[in-house]
């Protein structure tokens, strides 16, 4: 088990109900995709927020990554919808 | 014979030595190209200014035309080099 | 051309000026977009007097009064029809221009960013090859280097907008 | 990425800001180009809050502090290397934005006009798809219409810059 800081934005944040939290990850969570699957087991809010896994974007320590990216020694992992700035 | 106002710009103006003049055109001058050929017979300055006929641009009553364009009832005909604004 | 495909909405404003004085870019943007909420994108192009090797004293810009304004207006109106712009502004200076000073300003406003980029770029490409302006370089040693030559690259840039 | 192919000349200035306050377009252009005579072309893009049907009260812009600035800076530095820009500025607001108000400003400066146009367009295309900002619409009747959906057209616009 290890602890990471998770941050959420836009409708991911609204559906989960918090903007950030510290979560203990089991050793079976290796990639960003593993993290999403794990979070979906944490309750209805998480399941609703992350229902359409393929649209969820992930950043590790403030850099965009694909779902198959290993989390490595990540300190901060962000989950959010496709971006709509500009 | 008919009279038209001719205006010159940039190095065409400098080589001819005047910015504008009224010129009587013989009836054999039908197109813009005819006008250039006619002007080249008017002296060394004109011949030098219009030596490279293909680069000389023509506007009839302030609209760009090709060299084969008939002068028609033109009131003002401009001769100038390729433009370099912007 | 414009009449066949003109949008049904109110006509888009076109502002064209040919002047010796400098212009105020912010004021021109404001004048085009103030009080409007239908514009999503504004692209401006500012052309400045570039001084490459420390020898240029100034540019002298000659123009064909009357035709210069008319050509620029025609170019702007064509851009409005072609890219469905919501407004266009083009200001071109003449006379003496010092290094670093503004020469030309083009503004294109649209609902969408690509149309605004394309509109401003189209206006500049046509303006450089069709608007009757000529640049002469004056050097710091008091001599005139002479008239700037037209660039083939400018004709090429214009040709990419040609429609078959 | 940028370090391998950086130009030999002095580094081109990059200004990036993410802020709640409005910005002054003219001051930003001036700050990028003042005192320089090597810049021939400055292109600006201003993105405004568009109000289509009279029902929008405001946009709310959420962002990822830290990453937003870092992503925009990365995008600007890539544009400078790729288009040999002489400077780039990008300012993006967050928080509540009223209809007609400014959201984003991008400025690209170059010796030549096409590079300035391409640089500003490239920065905008990447900014829309890679910078962590999200827009929520609030309606005049007090309800929230919800989060703006990402546009496929924005991904397409970005893909045209992809290199094989």
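By written order: A, B, C and D. Residues from 1 in each chain.
FYI, contacts are C-beta pairs under 8 Å (C-beta built on N, C-alpha and C of every residue); 3 or more make two chains touch, one makes a residue touch a chain.
Worth saying up front: this structure is predicted, and the values here are computed from it rather than measured.
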| item | value |
| --- | --- |
| Of all other chains, the one whose Cα centre sits farthest from chain D | B |
| Cα-centroid distance, chain B relative to chain D, in whole angstrom | 48 |
| Separation of mean Cα positions, chain C and chain B [Å, integer] | 26 |
| Where chain C and chain D are represented by their mean Cα positions, the distance between them in whole Å | 23 |
| Sites on chain B at which at least two other chains make contact | 86 |
| Residue numbers of chain D (touch at least two other chains) | 47, 113, 124 |
| Complete list of chain pairs which touch one another | A-D, B-C, C-D |
| For the chain D and chain C complex, residues of the former touching the latter | 24-26, 29, 33, 35-52, 99-100, 111, 113-114, 116-117, 120-121, 124, 157 |
| Residue ranges of chain B in contact with chain C within the complex | 7, 9-11, 59, 62-64, 78, 80-86 |
| Complex interface listing, chain D residues touching chain A | 47, 61-64, 66-68, 70-71, 92, 103-104, 124, 127-136, 146-151, 154 |
